Every structure is written in structure tokens, then in C-alpha cells.
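There are structures below to look over.
After this come two complexes, each holding chain A, first together with chain B and then together with chain C.
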Partner chain A sequence: MARAETLIAPQTNLVERIKNFINAELINILAAILFLLLAVFLLYPIFAVLIKSIKGPQGFTLSYYIKFFIKGYYFRSLLNTLTLGFINTAVCLVVGFCMAYLTTRGPLALRKPFKIISMMPLIAPPYLFAISLIILFGHNGIMTKAFGIKWSLYGFTGVVVAQTLAFIPLAYLMIENTLKSLNPNLEESAYDLGASEVRIIRTITIPLLAPGILKAGLLVFVMTIAEFGNAAILGGRTPFLAPDTYMMIIGEADFEMGSVLSVVLIIPCIIIFFLHNYMLTGKKFTTIGGKPVASEPRKITPFVQIPFLLISCTAGLAIIISFAMVLAASFTKILGINNQIVLTHIKNFNSNLAILNSIKVSLVAALIGAIIGTLLAYVIVRGKFFGRSFIEMISLSGFALPGTVIGIGYLLAFNNPPIKLTGGIMILALNCVFRFLAVGVEAGISKLHQINIEIEEASSDLGANFMTTFYRIVLPLMFPAFIAGFIYTFMTTIVSLSAVVFLVSPGFELAAVRIFDAAVYGEIGIASATTMKLVVIVIICMVILNYITKKTGFDISPKKGV
Partner chain B sequence: MKGRFALVVLVSILFTAIMMSDGYAQTVRVYMGLSPENNVKVVDFVKAKTGIQILQTFQSFGEIEAKVKSEAPNFNADMVTGCGSPLAFMSKKNKWAVPYDSPAWKGISSEFADPDRYWFNMSNFTFVLVGNKDKFKEKGYTLPKSWKELLDPKWKDQIVMPNPLSSGTANMMRYTFLALYGEEEGWKFMEALDKNIHHYTRSGNAPTDLVGRGEFLLGITSHENVKKRMDEGYPLIWSIPDEGTGYDGTFAFIFPGTKMMDACKKVIDAFGTQEFSKMMAELGYVTPRPAPNALFGDKSLKYVKLDLGWAADNRPKWNDIWKEKFRTEAK
Partner chain C sequence: MAVHSSVPMLNLIEIHKFYDRLEVLKGVSMEVKKGELVTFVGPSGCGKTTLLRVIGGFTNLDSGEVILDGQKIHHLPPNLRDTRICFQNYALFPHMTVADNISYGLKIKKWKKAKIQERVEELLKLVQLEGLGGRMIDKLSGGQQQRVALARALSLEPKVLLLDEPLSNLDANLRLTMRGEIRKLQERLKITTIFVTHDQFEAMSISDRIVVMKEGGIQQVGSPIEIYERPTNEFIAGFVGFVNFLDGVVDRVDIGLNKATASTPIGIIQFLPERNISAGDKVKLVIRPETINISGSEPTGMNNTFQGEVEIGMYVGSLAKYTVMIKGEKFIIDQPNPRETFFKPREKVYLSIPENIHVLKRN
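And then the complex of A and B:
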């Protein structure tokens, strides 16, 4: 008997010890796993692109880079891309600010409609605007024929207009978010003290908004130079980096030159990302007075209101007309040529299948993304290990990386064993997970900062182990962040094109890719119909998700767009 | 707590329901480069004939070639059903195809079936000039009778043609011009033509739609969709200039390492039947087994003399020259 006891004792001890070890180190283990995931699915693909761009058939070489800078074509492409990025960012920020100012400070009657209009493009693929511009202003477009407009749509200006319309909502959303959280009392006091509206905006609103504007600018810039749908459809022979990269990889299997273009594309993004991080440190404003209170709308002086309204209405009208055109095109045979009403585009079976696939991929991505995002936020805020800020930086960097580069990186990194993912659904979901991770992580971090660590400490003091505390205290408190990450990932994944276009395999076509192909190909009817179906489905999904979360009593205020 | 449980259950039910919703009896994944509509026709034909479901996404010939090259030897598909001659010959050479002595392809000429049975040419297609009838009337233009007429400055920025890097149709055009005028003169012709081209499209059928919608006046395009678009009511006219046109095949072959070998073989067999030739001819293709052609009728086409095998070997060189000539300065 005694013998048996001594045999059992160390064993239970061991189990106990492992248990204790896990319990004590769980957060570090978690951190290690998460870091490994980030390294494999975010850093490694980018590294693969970098390597490919300097590796020729005979060892390492810089010849591809030399070619890039010698050939006027490529340099022109870089110049166009950057110009496009800057123009777009500036315009989007101005329009976004005007709209956000009106919806948060302007007349009450205007707030709701403006908000809905400016959110509309968010649920549609960005190249919807290329389609509607062709319908309206193409060489045989409705407006062209009606008014004899001599605007050459195919080229730089066409791309700028389409991209601007597509990314206004992004700028709007982020600026509006910050504007809402600003305490209007500050502005009101200034107003009461007799400052003019212009002066208030210049000296109070904009400086306080700076972090939000900066971030919106960064995001719009990166999205503009990486999103190639509009440029590929409307660019004609004007070269841009993203569509050229796409053409080189997909059309020519010229991976070396494609990688060089990717690296060139990524450099401005990284510079801006670091600039943004650097400028934000020590610039975190807290407006005094805690929670913002809903204030009576102040009367805005016509001097400000009229230009703001003018800008907002022009943009709003353009967005509405674009959607109307696409809606009309999806129900007519060939809009503008043969306006017979047909349902063939809507009933196109292939595009329905593609939409189903898109929903699948987006659900998977949203679930994984929300889980990883929540865990990452927890590790970043509560962990006490070396390299915490490094993990934070990497997990937030995803949105500063152009989708095309990630797509090519995944193609290069995961086509061969040991990690062979191409040809499956996971590779489509995973690249979106890691690109759109930032939102979930940020939502989680800000949520956790609101929760006092004492609650968790109390729980463990009362004898609960780490798992119990995490499950019973942390998870419920973080649920809104989880939902925010879920919804954001879902919505962005379902309309995103720039990365997945490199990764789709036969039999698993995605709606976004189908629309792009149809639009490039000239099948405006199918492209429009698929877009419309996608928009409707995204709206339905949003309503269901909202309903579920409301029903189950979770307050969610999804901080979309960040 | 209860609410959350309900939420979890709901979400997981939704999830499994959506994930379970696929699953065909027997499927093959293929790379397929006909026009999107004709892809679907072939898929439906194979499904009706053999019960095998083909899963495909539309890609241009050049894109399929790029994909196969980048994936080799780990292919993400089971076979190719519709690619250009360069990839077919390259695959035979590199053993990216497995030979199959299909009984259905007995007695078919070596233009359509590889003597060693590595590849099978489903049918030939060709390229034509298309113009927009309405716009021509407006301007008083007629379709050019000779390829050289395309160089007339009146067409400046009004012609669209596909890009030979990504499109098999354009690869065939390029080779045809080189074969017609000789290498040196051929390149000179294309450089002169380039001045009138608005832009090069990704796929070989795109010019048909662009011209049909009146975006551009004239297109050099694959014949594949021309008849269909005319039937649909697009104001299109087409012609082949007097010097003749070129052709290329739409090739099928099986990738080594496929797990669906039997199904792939059945698909190849289906392509060898008279019914398949009949269907393809109705779409305007020139088929392995003779069948009445819907687009060209009894007219036998005038072809420029081509050697597809030789052209396939020269494709990389010509691609480099093309990039060198047309991708140096932005227009």
C-alpha cells in the first residue's frame, strides 16, 4: 500500500504542477502563440515578397530594382500612384470633415440622411463607382450622349473621381467617430465668448480632431494606392502600381517584377504608418468633462454652413446617382443601349454561388478575426512580458499594408509545403483576418482600459484561477469589442478584392472577384447585379447581427473604420 | 448568460448550415479560358453527358499559363480545359500533363489531338475585327478591308485590342502579324498600330463588349462572343481583312498528381464526341469533328500560315520584346 501511495503522489504532483504552471503562465503562453500566428501570417508573407524581389535566377541581385528606376514606365506608375494617393486623401478628408461636422453639429433634420448616404459606399465594393462612371460618362455613356461632354473618363481623372467617391465614407466614419467623442462644451464656451465659427473650427475642433484626421488620412491613403479595381477598370493606359502589380503576377507570372512593385508600394505605407505612430505619441487628448453630452444644435453661421452643405450635397448626390445607375443597370439588358427590363443578370447562377462563397469566407474570417483580436487586446493590455509594444505595433500594422502585397505574399509563402494553403478557403479567410485585425484589437484595448484590473484581481483573490477569471469576468466585459471586430471583419472581407484576387481557386469564386472580372470584361449588367445582391446581403447580415446583439442584451456600438 | 448561450447556439447553427451547403457528387477543378459564357456551356455539357461537375473560374489564357507556371509542380486544379497552345506544348515538354489514350479521340487529326495524347484541342478559335454599327453610321466609316488600314490616323484612340501577355487571343494576333509580315516588319506594324490603340484589355473577348456598348469604335477581338452579342442586340458588325486571320486551339490536358483521374478522363472523352463538336461549332468554333459553323457558315476562313509549336517556343522572347517596346514610356 505504502508503495502505491508513493507511486501516485508524484504523479498527481506533476499534474498539479503542470496545472499551476499553465495557470500562472497562461498569459505568456497565449502571447507566444499569438506572436507565432502574427509572425507566420503577417510578417512571413511580406518577407517572402521582399526576398522574391531581390532574388534572381543566379543568387541575389538588385537588377529588378534598377530596371524599375531606369524604365520610365515604372517610374511614371509610382508617380501616378502617389499623386492619386495624395489628391484622394486630401479630397476625402475635406469632404469627410464637412459631412461629419454637419451630422454631428449641423441641423438635426440633416444628420440622419447624410449619415446614411455617406455610409452607403462602405457596404459596396469600391469599384462600383467605376461601373457607374462608365454608364454615365463613358464614350457612349448617358451623360456623354445627352450633353456632349468631352471628358475623357479613361485615365487619371476618372480614377481619381472613382476612388474619391469610394473612400469618402472611410474618412467620414473615422472623423465622425472622433467628433462625436469630443465634448461640444468646449466649442460652446468659445462660441459664448464670442469666437466666430471659423475660428472655433480652426483653433478648437481641428486641433482636437488631429489624431482622428491623421488616422483617417493614413487609412484612406493606403486603401487608395492599394485598391486596384477602379484603376484597372478606368485607367486605360495610365499606369498605376497596384493594377500593374496585379497584371504582372496574374497575367504574366512575372513574380520578380511584381514583387519589386509591391515593395515600392509598401514603402510609402510604412513611412506613413510610423509617422502616424510617432505623431500620435503624446498627442492623446482627453476632453475634460467625461462623457460627451448630447447638445442642442447650435446655429451654424451661413458663412460656414453653405460651403459645407454644398460640398456634402455634391458628394452625397454623386453617391446616390452612382448607386441608382448600378441598380438600373442590373435590371436592364444593356443600360443606355437596350433599356429592356430583364431579370437575367439578377438570376445569374454563377454569381449567386460566388456570393454564397463570399459569405462563407467572411463568416470564417470574422469569427477567427474577432477571437484573435480579443485575445491580442487582452495580452497587450494585461501582459507583462518583453516585446509587448512590438506585438501591439504588428497587430495594428495590418491596415497600413496594401492588400495586393499581402495577397502576393500569401501566394509566395503558402503555395508549397510545409504550409500549403493555396487552393483552399482558409487562405482566403486568413489574409483578411490579419489585414483587418487592427479594429478588433483597438476596440478590445480601449474596452480593457475601461475595466479596472481590480475586478480581475478580486476574482483571483477569491480563489478563481486564471481560466475562470478570464471566462467569467474578462470575456463578458470584452464582448462588445468582440462583436465590433466580428462585424468589421465581416463587412470588409466580403467586399475586399485586392488580396483575395490572387488567391481564388477554381470552384471557389468570390463575389468581389466575380464583379471585378465582369466589370473589366465589360459585362456591366452582371457586375451591377452582383454588386446589388452583395449590398443587399451585407445589409441583411448587419440587421440580423444587430438584432441578435440587441436581443441578447449586449450594447454594441461598432466602431467601424476604427 | 442565457442570452449569450442562445447567441452562441444560433451562430453555430448558422455556421454549420452554411458550411454544409456544398458538396457535389463528383467534381473536378479546372482552369478554363474560353469566354465566361462559353465556359458555362461546356460545364453544362459535361454535367449532362457524364454527371461530373466542373468547378471553374474564368481566366484568360495568359493568366492560366501564369498560374500553372507559378504552381508547378503543386497544382491546385485537376486539369485544364481550355488554354492556349503555348501552355499545352510547354506542359507536354515539362511533363505537367499526363498522357491519356482516349478512345473517344480516335481518328482525329494531329492538329486537334497530340500524337502522344498529352493534349487535346477542344476546338480552334480565331480573331476578327468588330465595329460599332451605330457609331460607324454616325461617322461614315466602314470596316477596314486590310490590316494596314488600321494604321490610318482617323482611328487614333478608337481601337481596343487585348494584351498579348495576359490574353491568348492577343498572343495569337501578335504571332499572326509576325507570320504575315515577317518578324521585323511585323513588329514595325504593331508599333505603328500601338499609336491608334486606346488601351490593351486583359481578356481577348473584352473588345467585343467595349465596342458593342459603343465605348470604342473598333476592336480586334476573339470571335467567341461576337455572334452571341449580335443576337443579344448589340449593334456590332464584324469582318476578317483580306490578308486572312490567325487561329489558336483551346487545349485540354490532365495535371499529374490529380486525385480525380477517372473523372478527368471522362471529361476528355466527352470532348472527343461528335455532340461536343456540334455544340462548339454552334458557338462559332472550328471543331475537331466537322460540324456546321454558326458564325462563319460554309465560308472557309482564310488563314495566315502558322506553326503553333514554333510560336510557343518563341513566346517568352516575344513577350520580352513586347514589354520592351510598349512598356517603356507611358503614352
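And then the complex of A and C:
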């Protein structure tokens, strides 16, 4: 029968068939390769840390963990870290809410300046605040000497203050976002029905924003407990998990206890990551559509405005002073002791060399990160294979992983063959690539969701195969996301300290590590000058990012890297 | 039309509002009588919602006065005005139940618990939501949400109820039902209501009076019939339903015989003279499509009959819509109940234009 013949597949030779197979399965092959990369460079190092912490001379042992809980020092370190996390989160949320309320509901004249001030820490590496606190309140600090203040900066309070200032923008940004998304008609309705400002905040604004505020809180908490620089520079004799890990490895070469501390640190981070991503999604109140009319600024009652202003101004002033101090210290011999204006710190050869090295590493990381991020976004959105959401979860999990843990993990995983990377530039770049993937992937995903799949189908309908479609259609459309991922990875890598501090080799110093060493050894001028150089680089990146956002009309919300 | 007193409940006097340099309300003045339902209608950007928000206190006016029941209220915040607003998106508090939403204002006024419960029950019954007080907002349909929003706005018995495009989020059938219910409720409670809509037919069907707005100013205030039959300008004529305009010059006006004629591109047309029309005036004849008679043979006993050719004919069941050309002029005609007389393109037809058409002066 003629009909049966047409059903038989046309005979093709082997090469043709392989080619067809590859073309049809290309997206799955790509996904497999990407998953392999994630497994090797993200999961395997963490796994290596876990193994190290439970492997004794005679095989499996829990003795290191028992040591952790028996020895008061280690346990205090955990308690300190969690306490720091809670205090810091609470303060950041309160300050963030006050500032966000003023910039979204307050008098128009105040909105812009407050917004700029509250975002300022975003352009600085978190440890900028540790340096400025040393300048002001250190042993030879300006305030210490001028007023004889006997505040012992090195310890718990110093770390809390520095961390709070560093993470205000994160809380602010997220709360501002939720405040802006709240339909103004809801608050207006409450107002119309006779509610006072305080009552509106209590019964409408905060209950409705609760999921968003909780999310912001979780993020700040994770960032805080994982943050290395401030705690290491200002911690003094007070133990915190992240810097203690560093001491264990670099100071005492005790990899087992270092791994235990890492595992202890990573557990709350993973719990929070899941809470953040899965428990809170869907917990959003949907309201009916229709234009929410942007309201004119309501007159905020003094009962609310004055305390909000006080809190916001205090925080804002502290941020401005911090920047001013570090800027001033960059250009003076020893700020507060010898205020002679000099350029030696700025011109310092080692500082500039470190900056150059950092730029090199960051460029490599940015390029790899942007490519992997774009490809990951593509297979996550368009792929139909099993385990798609698992890949998505892993690629977004980087931000929740403490840098110190990744640092140790890379040290353990890539010090020996088959993959020996230690001592090279790649190990410095790769750990950042995989930790900071989230933003590039998210940008790619949101861009892809804007691109109708029919565009790709039209391309293949016109005869293009997968590669051609990807190359000619998908890549050009995703280019803004690629650039966003590139710049974001670049600017987070260049200020990143916590992981690379384990991985730098003697001959190749990075700016962040140079700053850390200088701050620890009291070379404040060098630390400040190098920090300011990083700030300038980050500002340039932000300007480019902002330009792209405006130009392409697509938003990537900057998150803070640790 | 509803019976209402002639006492003004709301007085708007010379209201001006600027956004930066853009004047969005250009000296609006009007009054709303007690118990009346007045609709603000106009194309988007005409200022109708802004005017509503000025009345409610959500937008400050730059000059002018808002007088509610004899008292100036334009300096007061919304919570101190005896007006309550129902937003387009309802703005129901999504984290509260229906009852919590409705009683929100009552709790602020510190009503007793038992009294609040009683009032909530009464309001639920009023909007036909008995037994749904414990529901969360997102478990309600669009129409039910609309009712909750109404009940909440009515809870404090405002002197004026402000409705901002209340039906725009409902599907077409529900919109008709809710339109009728809002009107019934309003007439029963005799509550003074201002209703903002961009839908002229909604405005026509629900209002005691309609305020047609354009570019921040009032074009005409009048009953639906006045607005439709006697629009004061071309914009209003075109805004409420379709209309054929025919330019002409008045030849003569005879008030005694109640007759006038005008020369138009299609010939002389007789019409009933209106107020200030005199010979020599340049005019625009306003001819509604449904008033034109269409037939296949020359009708007897009808003036203003012209022969034309069907260009497009569309059969829609209850009526047929035609485009007919007469001497290069295009006419749109609605023929009710066409049945077997449906005309096809290129057929010759006779159009009769009635004498009681509306006439506008041209500048």
C-alpha cells in the first residue's frame, strides 16, 4: 500500500542521523553540560567541606562536631553570629522601612535625597564601614582622641554597627519595592473610612507588606551571618563563624574544624534559602486590576513623620560620614594624626597592582558568568527535561552560600588532580562566577519570559535549526540580560572578599584582600585609598547598568554580594 | 427620573487644578441636588476622575470651593469629609474578611461590637451578600467584590457616594446587572451619588443628569434625553452615539408656520426651527442614524426624501446598518427590524430625513 510506505522513516546514513539527533536534543545536551558545571563548581566543593567535617583518620566520625558543641569558644561563635544576624536584621528592617516609607509616601522634596543616601552603601564594599569606624573610633581614632570615648570598637557592637550600615540598602531596596507595589487606593480607602496614619500603617500597610518585609529580613539575615570582612576586621576577640573559619584554615591549618564551622554556618543559610524561595512564594495578596491612581503625597502626621525622619536622618548621616572619612583618609597621611594631604596612598604601587589583578579576575569571571547565566536561563525557561526546577534552584542558590564556605570548598576540592586549580587566576574567578550566578540567570529568565516562544517557532518554521535559531534570534534578544549579568558579576566579584581570601596565592594579590590586610595591620590610608578605587569602579558599573536598564526598559534589581 | 429635592447637596465652584503646568481642571462649576445620581462622563484624560478625587479629598485643588451640604470642605482631609469613595479597583483590604472590610470604618468610629455586627448584617443584606461575611476577599467573584466595596463605602452613611468607574472590571453581562442594582440601591437609599465612567451608554442608562467633560472643562450638563437629543456642540453629539453631520446654510426661518429650510450639498432640507437660528446662519444638521427612514420605492407624504445608493449593508439581526451615498455625501443608517427588506450594495434606495432634527450653529 502506498500509504504504508510513507510512514516508513526515510533512510539516512549514520552521520546524518547523529546530526539530526544532536540538533533535536541540543537543548538537553546543553542542560546536561550546564548541570555538570554546577555540580562540579558549586555542589562538589560544598560536598567536599561536608566530607572533610565527618572524616576522621578511621573513617566516619562525629568527633569534630562534638568538639564544636563541647568547647565553649566554638559554640559562642555560633551564638554570636546568630545574635548578630537577629539584631542586624531588626535594625536594618526598621531603618529600611522608615526610609522607604518616606521615599514613597513622604514629602516630595525629601524623596530623592533620602533615596540616594540609602542606596550609597550599595556602591561600597561592606568593609568600607569597618574602615571608617576604625578611623573614627579605633585606638587612635578621631573621636576616641577628641572626646576620650572609651568605646571598645573591636568586638560585638563594632561589628553590629558596621554591618547595619552596610546592609541598610538591601533592606531599603526590597521594602521600597513592596511599598511601591502596594496599590495606593488601599491606604486611601482606609484614610477615607477615617483611619489615622498610625492606624493605616498598623492595619493595612504592614500586614499587607508582611511577606515582603519577611523576605527582606531573611535576605539581610543570610548576608549578615555570612559576611566576613566586617567581622574579621572589627571582631577582635569576639568569635564569629565566618572569620573563625578563616583563622582555622589560614592560621592553624585545621581543615577539619574549619569544615565543621562552615557546615554550621551553611545550615541556617540553606534553611533560609528554602524559606525565602519556596515558603513565601504564592503568599501574595492578589487584588483586582484597574488603574491604581498614583496619589499625591498624603500629609503624614508629625506622630509618624518625626520619628521616621529622626531614624532615617541618623542612619543617613552615619552613612555619609563613613564615606567622607574613607575619602579623607585616602588623601591624608594619617587622618586625625597628620592631616597633611598626600597622594602616596592613591599612588601606592601594591594597591594599584592589586586593583589591576582584581579587574583581570573580575573580567574573566564576568565573561564566564554572563555566558553560563544566559545559557542557564535559556534551558530553565525553554527546556522540557526532568529536573529543570532543580537546576534553577541550584543556580539561584549561590547568593545564600557563605563565601567562606565556598572558599574552603574550592581549597579542598581543587587542590589536587583531577581538577587542580589552586594558585591560578581561574580559581579566583570561578568561585565568584558560581556564587553570583543568580542575578544573571534571573535577568535572563525575566527577559526570556518577555520573548514570545512563537518568535523562535517562526524561526524554525522558516527552516532554521536549533543552533541557528539560538544564535540569530535568542542571543540578540537576550543581549541586555547578558550585559546585565556581565556587569553585575564584574562588580560583585571585584569587591568580593570572603571566598578569595582563602584562594589568593602570594604572588597575585587582589584589591579586596589588600584592603583587608591593610585594615587589619592598621594601614588605614592604603585600605581607604584602595576602597575608594573600588567604589569608583563600582559606580562606573552602576552607571552603565543604569543606562542599559533605561535603554532596554528592563529591570534587574541589584542585590548585594558578600 | 428619580424624585429628588431641589436642595443642592454638593456645590462645586470654579475648581482649578494644575499638575505642574498642565491645567487638568479648568474652572469647573456645578451643583448636585440631594438624592440625585450624576454621572461624569468623557474620554480618558478629561479630568473626570481628578474631579471625583478633588471632591473626595484625595487630590488638592489649586483654587475654587467644594461645598457639601452648605459647608466648605475642600480644606479637609478625606476622613473628615462626609463623602465615601469606591475605587475602580475596589481597594478591598485583601488580608481581611468581608465583614472586617465593611466594619473597618465603624471600628474606627468606635461603635459597640453588637451594633457593628448588626450594621454589617444589614449592609450585607442590602448588597445581597448575606452569609458571606466570613469569606476572604480573594474567594469572591468580581461582582461580589464590587458589592463589598459598595457596602463598605455605605457603612458610614455618607452624604455623597463617589463611584470611580465601578463597573469597568466586570464582564459585559454582569456590568448590566450591577448597573441596574446600583441604580436601584441608590434610589432606595436616596443617596446623592456621583458616578464616573468613560462609557457613554452606561452614563445614559443610569443617570438623573449627565456631566459631559472634555479637556478639564464641562461641555454640557443635562438629562440623558437632553444630552442625546439636544447636544450643544459637535463633540457631545458625536460622543453619545453615532451621528451624521450635514453642513448647510439656513435659507429662511418662519416662526409662525414653525418651518425652516436649509441648503445642503444634497439639496434643500426642511426642519423645525430652534431657538436662535436665523436666515443666513451656517449650520450643522445633526441626524441620528436610527431617525432616517430607508425604503426601496419613493415614499409618499414624507419631506426631505433623497435618492441614494447603498455602499455597504450589514445585517445584524435586530437591525441593519447601511452606508448610503447621496451626491458624494456619506450617510450611516440604522434600519430596525429589516426582515425581508434588507438592501444590498449598489441598490437604489430612498432616504427620508425627519424634520425634527437638531441643528447646531457653525463658526
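Definition applied: the second predicted complex is superposed on the first by the 441 of 562 C-alpha atoms of A that agree within 3 Å, B and C clash if a C-alpha of one lies under 4 Å from a C-alpha of the other, contacts with A are read in each partner's own complex, and residues count from 1 in each chain.
The working rule: a contact is a pair of C-beta atoms (placed from the backbone, for glycine too) under 8 Å apart; a residue touches a chain by one contact, two chains touch by 3 or more.
Because the structure is a prediction, the values reported are computed rather than measured.
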**Asked** Where does A:185 make contact in the superposed view: on chain B (first), on chain C (second), on both, or on neither?
**Response** second
**Request:** Look at the residues of chain A and decide whether chain B or chain C touches more of them.
**Result:** B
**Touching partner for A:208 - first (chain B), second (chain C), both, neither** = second
**Request:** Please indicate which partner A:23 is in contact with in the superposed arrangement: first for chain B, second for chain C, both, or neither.
**Result:** neither
**Message:** With both complexes superposed on chain A, which partner does A:523 reach: first (chain B), second (chain C), both or neither?
**Reply:** first
**Prompt:** Between chain B (first) and chain C (second), which, if any, makes contact with A:301: first, second, both or neither?
**Reply:** neither
**Message:** Residues of chain A that sit at the chain B interface in one complex and at the chain C interface in the other, please.
**Reply:** none
**Message:** Can you tell me which positions in chain C touch chain A when the two form their complex?
**Reply:** 49, 53, 56-60, 77-79, 84-85, 87-95, 104-105, 108-109, 138, 142, 145, 152, 155-156, 165, 168-169
**Message:** So in the complex, the part of chain B that touches chain A is made up of which residues?
**Reply:** 3-4, 6-7, 10-11, 14-15, 18-19, 21, 27, 29-32, 36, 40, 55-58, 60, 62-63, 65-67, 69-71, 74, 76-77, 135, 163, 165-166, 198-203, 205-206, 208-210, 212-216, 232-235, 319, 327-331
**Prompt:** Hey, which residues of chain A end up touching chain C in the complex?
**Reply:** 183, 185-186, 188-196, 199, 203-204, 207-208, 285-293, 295-296, 299
**Interface residues, chain A side, partner chain B - complex** = 71-73, 76-77, 134, 138-140, 154, 232, 235-239, 247, 249-253, 255, 333-334, 336-338, 350, 356, 359-360, 363, 367, 411, 415-417, 420, 422-423, 476, 479, 504-509, 513, 517-518, 520-524, 548-549, 551-554
